[in-house]
Amino acid sequence: MEGIKIVTIGGGSSYTPELIEGFIKRYPELPVRELWLVDIPEGRKKLEVVSALAKRMVEKAGVPIEIHTTLDRREALPGADFVTTQIRVGHLEARAKDERIPLKYGVIGQETNGPGGLFKGLRTIPVILEICRDIEELCPEAWFINFSNPAGMVTEAVLRYSGITKTIGLCNVPIGMHMAVAEMLEVEQSRIHIDFAGLNHMVFGLEVYLDGKAVMGEVLDKLASGPSMTMKNIVDVGWEKDFIKALNLLPCPYHRYYYQTEKMLEQEQQALQDKGTRAEVVQDLEKELFTLYSDESLAVKPKQLEERGGAFYSDAACNLINSIYNNKQDIQVVNVRNNGAISSLPADSAVEVSCIITNEGPKPIAMGGMPVAVSGLVQQIKSFERLAAEAAVTGSYHTALLAMAINPLVSSDSTAKQILDEMLEAHKEYLPQFEKSYAG
Amino acid sequence: MEGIKIVTIGGGSSYTPELIEGFIKRYPELPVRELWLVDIPEGRKKLEVVSALAKRMVEKAGVPIEIHTTLDRREALPGADFVTTQIRVGHLEARAKDERIPLKYGVIGQETNGPGGLFKGLRTIPVILEICRDIEELCPEAWFINFSNPAGMVTEAVLRYSGITKTIGLCNVPIGMHMAVAEMLEVEQSRIHIDFAGLNHMVFGLEVYLDGKAVMGEVLDKLASGPSMTMKNIVDVGWEKDFIKALNLLPCPYHRYYYQTEKMLEQEQQALQDKGTRAEVVQDLEKELFTLYSDESLAVKPKQLEERGGAFYSDAACNLINSIYNNKQDIQVVNVRNNGAISSLPADSAVEVSCIITNEGPKPIAMGGMPVAVSGLVQQIKSFERLAAEAAVTGSYHTALLAMAINPLVSSDSTAKQILDEMLEAHKEYLPQFEKSYAG
Amino acid sequence: MEGIKIVTIGGGSSYTPELIEGFIKRYPELPVRELWLVDIPEGRKKLEVVSALAKRMVEKAGVPIEIHTTLDRREALPGADFVTTQIRVGHLEARAKDERIPLKYGVIGQETNGPGGLFKGLRTIPVILEICRDIEELCPEAWFINFSNPAGMVTEAVLRYSGITKTIGLCNVPIGMHMAVAEMLEVEQSRIHIDFAGLNHMVFGLEVYLDGKAVMGEVLDKLASGPSMTMKNIVDVGWEKDFIKALNLLPCPYHRYYYQTEKMLEQEQQALQDKGTRAEVVQDLEKELFTLYSDESLAVKPKQLEERGGAFYSDAACNLINSIYNNKQDIQVVNVRNNGAISSLPADSAVEVSCIITNEGPKPIAMGGMPVAVSGLVQQIKSFERLAAEAAVTGSYHTALLAMAINPLVSSDSTAKQILDEMLEAHKEYLPQFEKSYAG
Amino acid sequence: MEGIKIVTIGGGSSYTPELIEGFIKRYPELPVRELWLVDIPEGRKKLEVVSALAKRMVEKAGVPIEIHTTLDRREALPGADFVTTQIRVGHLEARAKDERIPLKYGVIGQETNGPGGLFKGLRTIPVILEICRDIEELCPEAWFINFSNPAGMVTEAVLRYSGITKTIGLCNVPIGMHMAVAEMLEVEQSRIHIDFAGLNHMVFGLEVYLDGKAVMGEVLDKLASGPSMTMKNIVDVGWEKDFIKALNLLPCPYHRYYYQTEKMLEQEQQALQDKGTRAEVVQDLEKELFTLYSDESLAVKPKQLEERGGAFYSDAACNLINSIYNNKQDIQVVNVRNNGAISSLPADSAVEVSCIITNEGPKPIAMGGMPVAVSGLVQQIKSFERLAAEAAVTGSYHTALLAMAINPLVSSDSTAKQILDEMLEAHKEYLPQFEKSYAG
């Protein structure tokens, strides 16, 4: 059949309009025939709002993309060319717990590579693996593109515990860093190239090029002096100038959690008092967005969506799908099987690295080993991800504890156990695999 | 200054008209301001013929490329953006010895990865390293692009024994394989993509894609059945069908020497009787070409040049220069520092691998390890190249003997010594570094 | 129960008296309570002769070792502490074919790492893996010590295709090299230490020490000058002095096949004419030995046994068992899982390397990577072993062909196929796993 | 000359009597002919006290060991068989600063792998490298055995920045763990074997064997339940039982600093208030010891010496020297060049690993990679050691800052800078290499 079939699981997400906009914008070269928005029964209402908006957007744009909705993903999957997932098991309520509980023990929750991320992974990975089994059965040729966080841990789990090899984890951090660097240097984005290597939310720019010339020194000077690059959802506490110069790498915004732990903790504690957790802030934003989406006169993506931390996520997804479909052979930074690209990390692990995107999929560029100064931290997060993925699959209490205890944000074995126990209890509805081991 | 300055060492080569044609064809996007053709005093006459033709070609095409000639490369180098080398130390006479002497001992000479290649390397590498020193001094920002054979060994030597990192070794084999596969499948070249990995003249296609779908099985069926893919300069002795299916990799034409040694040896011995060595055949071709070039009415590249084994070499060079200059980010197969791209080979060695070509240079794509069935042979040739490069620099008789003895074409330590001794004597004019150790 | 239980599969072998002698000699520290000699029904007669001799030997020595015999290994295995195997699937008749058929095609048969070894492996590995399954079931705590050739390939197969981890492959080559070096230097064996690394019958001495001082240079001088070190079963064709000096490693006797291929081939062809294959020579020796063994007055190991190529094999086995049982922590050279000891070979492959022998088993000593000059050849033999083991298990014709074609002794794909086809036919009685793929 | 010559640099140390006792005890098999005690001029008085005691000890024991003293190490070195170093640049006063200053910023000083260790390394490494240069010149055949802390960092520096390869770093931690495990299990030490792998003060028992059987589970049960194993100088804060079971590795006492950071920090802050830093406690102990040593009636090592954290250090040194001299081939745990023994760490780095000790030196046993759960932390400390060693040699402020900032005990880039700046100032007398970069 002509055209592309895309299935978006978690289609009722507030991010979906960005995705729709992305497909509309690219329609001339990326002919999406069908877009299936799939959600779970309890998300029915959001799905209705979002899909109605999607239909209005498509109609207004005048492109022949069919919007389908279903609460049964097995109905949607057959014949899919691309399956994307943007799910949030346990909703923002769960995220709020991921952030609040660790803070009680003086530990940053950090919803991807911290204790919060561990629990997000424990909840999300089993669901993702079920989706993978359906894909293997119903559309084995499809590309599986995940942008549910923690994207690195999820990609690790898919590579280790499913039969799917055509899988890509997506993140908007590298694209954000690229944009920020271009802005700092006051040049067009296309003149900048950055060699990225690391893990999801633990990625470094190894070198920055302007028109092919290495300009890391200049970029770091600016980063350390002026207001430093960050994400919408991460407070900028400033970098120690000498440290940044010594590091001689471009850190990602999330590195603040590891290199400025104290300050970030203070900020989070202050913010919690002032306005609740980030999850709670986002809940308010979500409500606002859905009120907007419900307005039947709205037929474009509203500006407010860009206020979310996840801005450009869906655009990145469209870009990726476009490059695969059209064999663009451009460079994008995604989470894939390492295959030796970062020689200091296991070849069979997921890494976040600059890839060339072809119609055979992303091919990672060989970066050598991570620089000495960061190879330990990166390995530690990779170990955390691996143990977390294993715990999510096996439901082993000890493996989960080990993941928690080796996380760089957790500084004591007994604190690790306390946080783990309280969070297991708090999330038990979404963690059936821990039923037995928890009792033990 | 506007435009690009290119210095071509060995500019009096018969291949030069292809280079000129390449620059003319690409002028709109690749504005070559100056092309310096450099040669040694004894090549003065050829240089005059070739540069005169070059000037006529440029004039006829109406592009403002200045053609300069000099017998002193230090005059040419300052300010160069690209330096290319296409030198032949000892001329075709030396190549004839490289081929004839091993055959006396029942061994294929093989001018790149065989005993002949060892001696070509021993003669060529010291000259290349002198050129490198001049580049480091006079135009340290230039890209150094070598297409003198043995290109893998030369690149290994430049990486290990010079201070130059912006170096690329070029080969026309992968481009020829790509074209041949497209022809076999009767599709346009642009629809085919091949993942290449290995060493110079020891490169494998790991997978072949047609429109993004893996089609290795189909390609190998065709390769094993019909007339098999080869180079102008390599006899096609046919592949054993079951072997090719078992291998499940696309071999390069030079693999015949290692997987069909007996037949290739017979062919070479027969050919020697019939028409002399390949070198001698080429000498006649060369004479013809220079007669053509001298014709003042000629102002285009003559068709006959394409009969040479090195066809498309210069075109490949122009392509590469163009992609670097214009940051094309296309995939080309070149010889570069491995950097982990092929995980079963040392990170600091030269490999031939699919790279994305940017304005920061080629970035190799991570291919994982060489497949089990070929990893030994590839490592053996890499060891041969390393020892040969070391011997070329140190003039160590023992290291040269070791290189000769471990070459897969040489099956006995005593034969290795006999060939080595006779070749050292035959080439002594071009091997001053062996003066002492040879006496010993 | 007090004392050790040992099960020897292939107990009717002519080597068994050496094993008995070894256990008698070591009885005071190695109290063997029961020794079970197991053989197959068609070996019943040999088993009777050998076990009768064994009983006479034990009685004469006055040690309380019980000798049991059985034709059903499952009767013998329960409670075993050590299981040793010395089997020869297809008997010497099969070995004769392993040697004769390749020679018809101008290729050395080489019963371990050559075409002959491939077929020995194809016959032997399935039987060994059945034994492994019985061990896993009946005596999972036992050490499994194999000295059936090709010992490297068999160990690779056990590591990859059985659940047994307590497995060791044994070889008498390193011990023979050690003895020969001591003899060359005219010193006691205990003053010599050699760092061994490589594969079975492809092992190198990386350094030789006399009283802790490196003496490789001196040893190689002697090796290259006088009569060179070899095995009873390998002709000494002499080493090229300069090659050996250049190599700067101690080669094993089997390296002649790869570094002196032509001369070895001539020798084998001559020997075939003169006295038949080595297998046929051994058949005569065997007959002689069994005539001796049948003599009821004989109650010691006869001297003639030492004429076999496998001399010291059984002694090496007793030594190994003794060191494990008594936690001797001495250094022995055995075939075990690499575990990074030789960094240029896969961590999960079998290697032959100096190990410290403890009561937890052998622990390999870290040797770094194989030296550049030999890493290719060693990798090629490892690849050959891996493919051969895979073919033995899967019965894949293509995998067997690939193993044959990449063997360094085989120089052509079509020759590989011819030898393979003739040998598959000749051995089909012992290769049920190839029934189908052969037909294809 | 008969007998062994040993040179002990830092001979005036209070540990020396243990060394003397060790040599006396082993005299029959380890005939020390001359022991040279070397110190710096300001240590003259201590040297006199210690050497006088040494002479009384030797005389009383009736062994012919000559005790020499000198303030010029170049007088002592010629002809040495072993050179040992036990130096403390800046004395206990400096150590007190190493501990006090970080505590001001809420960071544990930790005198080996913490901020304190960084400064100990910056002071010590340049002195050690000068000693190395003298050894290379005056006794190039000698073994250089260092037990100055931080021993891992110092060994890394010697391997990277000196020409000495015969170097070993010594630590008493593994021997203490071995003793403690034997005590826990109530068995003789000789029945226990532990596979050790990691770094100095960051070493893990990968498996514990009792009579060859793996007993890690039992050992960890005991470790987590009863009073846990520790050093004299490290407070026992107890392990979280579930964590230890989850880890499934035997941690070393120093791991408390990383897995129980908060509690250890509290303890240190409390202890500081109660009795000053550990350095200050040790200063008092030292005074006491020297008072004892000065007693001319004392001719044996006083019991009180065993109260020091460094107990068994000198005994370990004697053991090591004995095993090298007598080619004991026993297993000891020392700091040496990795050489692939721990495959997840660089081959050319220093690691602490079980080695077999021969007269050619220690040969590390291949352990595979560090387990997933700890590979990140171990790599981080290795990176810290490498950067610290580099900073010690180059005097680079940025490199020192990077080392400080990536240390797992330091949680903020700005705190890292504050501690670094205050410590550079406090120690400036001993850090001439930082003169310039500090000013900058």
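The letters A, B, C and D name the chains in turn, as written, and every chain counts its residues from 1.
In the analysis below, contacts are C-beta pairs under 8 Å (C-beta built on N, C-alpha and C of every residue); 3 or more make two chains touch, one makes a residue touch a chain.
Here the structure is a predicted model, which is why all the values come from computation and not from measurement.
Of all chains in the assembly, none touches subunit A and also subunit D.
At the subunit C-subunit D interface, residue numbers used by both copies make up over half of all numbers present, so the two copies contact each other through mostly the same positions. Centre to centre, using the average C-alpha position, subunit B and subunit C are separated by 44 Å. Rounded to whole angstrom units, the spacing between the C-alpha centres of subunit A and subunit C is 54. Chain contacts: subunit C has no residue touching two or more partner chains. Those residues of subunit C that touch subunit D in the shared complex are 193, 195, 207, 209, 211-212, 214, 324, 327, 329-331, 338-343, 347, 356, 358-360, 363-369. Residues 239-240, 242-247, 259-263, 372-384, 386-387, 397-399, 401-402, 405-406, 408, 411-417 of subunit D touch subunit A in their complex.
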